[in-house]
């Protein structure tokens, strides 16, 4: 069993309050107070993510959790995910929020695991990573889902690693930038983008921890790696490739003896997993 | 020019703060203070959404906005969206957040408009609608993007319209539910889901404003409409169809003389539009 | 038993924190730690509202709730409302906040029920409604209290129904406004204000769901209704009357075969119900 | 010109956001973008309060303030209070919130000044005070309005003065309580409630700054004051009377050579002042 | 056992969230899920403060509290403060925050008690007080720690007592200022700073409750007190001395028959108490 | 000129609101509205920090900033730091908050720079670092002040670097822990604590980026470095020393060819710098 970061409870509650600023008028007008049980079911094959958040919310709102699965588990279409019992009004209030959390997070986790497995088949040492191209305000949820799927989370934010990209290089030379970053702090990794093999060499010589090969063709990646090796630097740096890599082109990169493949699509083009919540009337 | 709801500024600022809880260490270490200009460009054809939010954020953080487009405008790949001038550190701090907002919102708006136009070609009176299957915490952003794309926003939350669905019907008879809702308030519309033509009739007779035909085949929709007409009720109710309708099956429903087609995919399966921000060094 | 919307716990807690930004110095200096029981008693006849909020707060702060009444119950002067046991310091910290919540909400509920009953005696189908003239920041509390008293809540906010009033009509023709609103969304009711019988007719013909007759004399209301009937539109629209209607003039409108009477005074001129909290020393 | 505390801007903004969680659908659908001017007018005689808050909100939302009055000014029915120019959508978004703020605060200020003047006529040294019986969450607004009306604000919260009341006295002897409070801090005044003249004497001897005579008849107040004088303590303490004093009985207390009369009704039974906002179409 | 104000739970939680915006990556990657026990130990002699906050946080995050000490208790180096059992990940997440709270608050309490005892030895009636020179955002924590140490808390904020200082006196005569404050409210004490004995007399005659002798030498304090006595005012006012008084000079003031000595250093120059948290593996 | 992270404005405003929950009663009662100028002056030699925050707050509250210094500048006692003009009430409201921010941050920056210079004299490559022993809730302020003083900021939080300490090693072998962390993410540095030279070797062999030598004597540090060198690992890892190092013992470590010396005292034992704000009456 692995551990993942926790989403603060007040964020989770805010998702419910967003969906009912003045209450759930349908249940209030229509449903008599009663206890019932509800079951959330997978309506497609999926890697489960978001369950910890669902449990947290249900418990906060007073529901009793019955049998439940685990984040990271793989489910087949039709399998039961979690069962809860309590006030019908509470279940109806939470229904859409629970499904939206599970749907987005499981959607991310499912695709991530699928692609990670594709990559591992080619290259057991390679790993895909998430990016900062997450939904605004959902950085932690999206990164957690990618973690559950098996990706390297990459930087969480602008505060936790140095990454020198094109826009920085308009303003400062990349090797100079790496040196300044090195002088800045010893506790944060330094990565810099290279557009050519020569730039990659220059950056490695300046002391970067990671070289980002952005928008390079597989051929150029091979050439760059060769130049680094020829200069005895391949073992001193890690290599990340990125830039419009899709499911189709993934394996052309995976097989190249690189370390990481970062994929914006993991979080910027999410297809929610399909799940449903069904209420069963108490006898 | 149309008007759309405003996202509260503190939400927008929170997106930036999420991306830099302890500052942007790359710029701080690497980039000397200087003024520069940046341009956001479409990297694909798109319907623009999120620009009001981008302008708001840029101005709050002290950037000067230059030439800019309008929310709802259609752009070709390569066209310039907005130009801003100010501190390089500020632009680098905002870059990813601005693109994430524009990317998600324009992604939603672009697909919405495309599908709405498909539908209108079949049936000028029909309209697609968004659902509550939005990213958690992003209800207003997602609904606004769908509005910009041309959809009917549907309910914003559980507080603004009554919708009696399967889970309510486990707990109360649908016609009884409609009557209770009618007694609850006069100021909120009442919609109820029907699984069969007979149920649709019963609900219409109970006084619902809108009948939701969920997961019905086109043939069943025709049959239901016929039964309502035969009972003189077609003009008294509006008809919404929903349930797993995809881009492929959309036109089979659009042509059926219904009023609304609600599509969860507009917001639960978003592919961000592709945009980039490029810094130009001040001479 | 009816259901009502819940006030978010953090709002309730903020009421307590507002009353003690740096603690309760009286209890801290003066009262030795001890357990005691307190009883809240009605000091006038009242319809109880706010009890769910009181229970929520007491439980959050660790008090044990004993015998208690129900929101919506009618109490005579001197009757006990709720009994709680726990730390004397906690009870003293909460005392004023609990009474302020119960006092305002029961004040609103009591007057609402009284007026609703007056109206029903005249016209069993008519109902009074609350307005948006609530205390700033207390929209949900005030609406909930009015609901408990038996009113129709009317719009909760600007987001949940269309209401075209005088200030809109300065800027757009009312019938044109109704048509635009109709094109905007199918899921929100459309109401428009009419100053004359002719305007009411025009608005009804444009497709409004509800006609608001604002500041009309009873005679004008009768005339307007007649004109609508003559045009076969009375059954297609609902009629709300409003505008400075007081307890004294209420019945002149109630008897007119209208649907709703909206009363700003329910929430803009509140007389708190009188309740007291008494501590009993533990033996 | 006097100064009053400022309400934090984020509180004021929250009042607007409460009224439009998903935008103002009426204006969005119905009103074409345009600039206009609006005027707020008194519809009754009033003492103005809440204007600083209105100005703050209007400026935050980008409106230009024209001619305006001052908090504390007395207005006759029909007089103009403030004039603002800007986006019609913004004015319509703010309208109800602005009126709710002005209405409540001016309602409190108007009644406060009226009662304070009644008291001063009887006894120029006496002054009425507000209590903590304010609307939950609106402590500062309500106290500020009472200040503008001319009342002594009394304690703002449980943190800024010691007040030993009935419920404390169940748990500790009042003279002992005063001594403990005296030992607690030198920087907060100490007031204690007395039910009899003898208790008042005991409390004064224990060193209280203020004696609260709660629910005493005018005769008992006279007797208490006499006993304090006889013991040379009248000049050492201040006297507050309270407890169900109404407009009718106010003068029976005002004339008694007491210092303060605290009136819960100033804030727990507010009748909003009547004001209106009218939009004028730009030519 | 004494009572102290409570720090709102959401503040305490925010301290934890500040330390882990995206989780605790060390534990997540490295530590297998397991239950363990941890003990917090004093690594120096100290007066304990912050324990209530530690207990509150631990319980909120699901830890079970074992044996524990009390706020205000004196501990020798090596003594155990509190013991907790639960998820190893939770304990590691909280570790630094718990120690930072205990360290700062116990640091303040320890020094406060030490200095208060110094003063009492000289003058049993004198007492030291905290000031508003606290860490920004930590007013309540710092004041509470000083209270636990035995200081008079002094004003908590600008809202709870009047203090007329040099900067006010540039703008208004001190005696006039005292009179205006007296007219402002009866429920807040009035203190004014005096630079000379004559000013002190003038302020006392104007009716101040407390005279602040700021930056006076011991000789000038004696002279001032004498002048007040000669005018029969010593018993009518309290005397606070302040201004750069250090541990070394404290007793020169303590012996002077003054009432309070305010010391900015209690909170503006804090040396955290040294404590450690040690995890013990469950067998 | 260097760049530093920005403290979010709403945090800064919250510091002011904490100091005036119900306004500044002294100014309100005592000071007539007027414009004035105020000057903040150093009352000791200091390295300035917190000025950006002061400017931000002053501008937000409407003051005009005149001549001002820069964060990081060194000032002698008596030098002017910043000058501001505007409402006297606003300046008085902000005074204490501004000084508390400047005092704490400049206190940290001043000591940091002093110690960093001590270290550099011994060893130009060595650098001191801040720790997570900051005041609760002030992580970013404290780290920013240390950055301005010239320290390496070290980890900002538990989310941005892996640090395996004693408490982790109770639960998992250190070399195994390093390997797991390496498998966790490529984008965060990995540091592990060693108690002996052998442990240091084991950790270096496992692939840590940084070795933390905690509570080692200078002699043990030398021995450890030698063992690492003998195994060809000195150049592959960075060395941090920590553990109760004081101003007195600092140079014994600085001269040892280590990379970083982390000092809890920079932020856990802060002596605020002394500054004053003086108002000058406008003529």
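Order as written gives the chain letters A, B, C, D, E and F; numbering starts at 1 within each chain.
What we mean here is this: a residue touches a chain if its C-beta (ideal position, glycine included) is under 8 Å from a C-beta of that chain, and two chains touch if they have at least 3 such contacts.
Predicted model only: the values in this text are computed from it and were never measured.
K.L.:
Taking shared residue numbers divided by all residue numbers at the interface, is the value for chain D and chain F over half (same) or under half (different)?
P.N.:
Result for this pair: different.
K.L.:
Write down the chain pair in C-D, A-F or D-F that repeats the interface of A-B; the criterion is over half of the contact pairs matching by residue number.
P.N.:
C-D
K.L.:
With chain centres defined as C-alpha means, what is the inter-centre distance between chain C and chain E in Å?
P.N.:
45
K.L.:
I'd like the Å distance between the centres of chain E and chain F, where a centre is the mean of that chain's Cα atoms.
P.N.:
23
K.L.:
Just how far, in Å, is the C-alpha centre of chain F from the one of chain C?
P.N.:
Chain C and chain F have C-alpha centres separated by 52 Å.
K.L.:
Which chain C residues sit where two or more other chains touch them?
P.N.:
5, 10, 20-24, 27-28, 31-32, 139-140, 153, 156-157, 159-161, 184-185, 188
K.L.:
List the residues on chain E that touch chain D in their complex, please.
P.N.:
5, 127, 129, 152-156, 159-161, 184-189, 191, 210, 238, 240, 259-260
K.L.:
Given the complex with chain E, which residues does chain F contribute to the contact?
P.N.:
Residues 11, 14-15, 18-32, 34, 36, 38, 88, 91-93, 95-97, 99-101, 103-104, 107, 132-141, 157-164, 166-168, 170-172, 177, 180-181, 183-185, 188, 268-272, 277-281.
K.L.:
Across the complex, what residues on chain B touch chain D?
P.N.:
Within the complex, chain B touches chain D at residues 1-6, 8, 10, 139-140, 143-144, 153, 156-157, 160.
K.L.:
Touching chain D in the complex: which residues of chain F?
P.N.:
10, 13, 17, 20-24, 27-28, 31-33, 89
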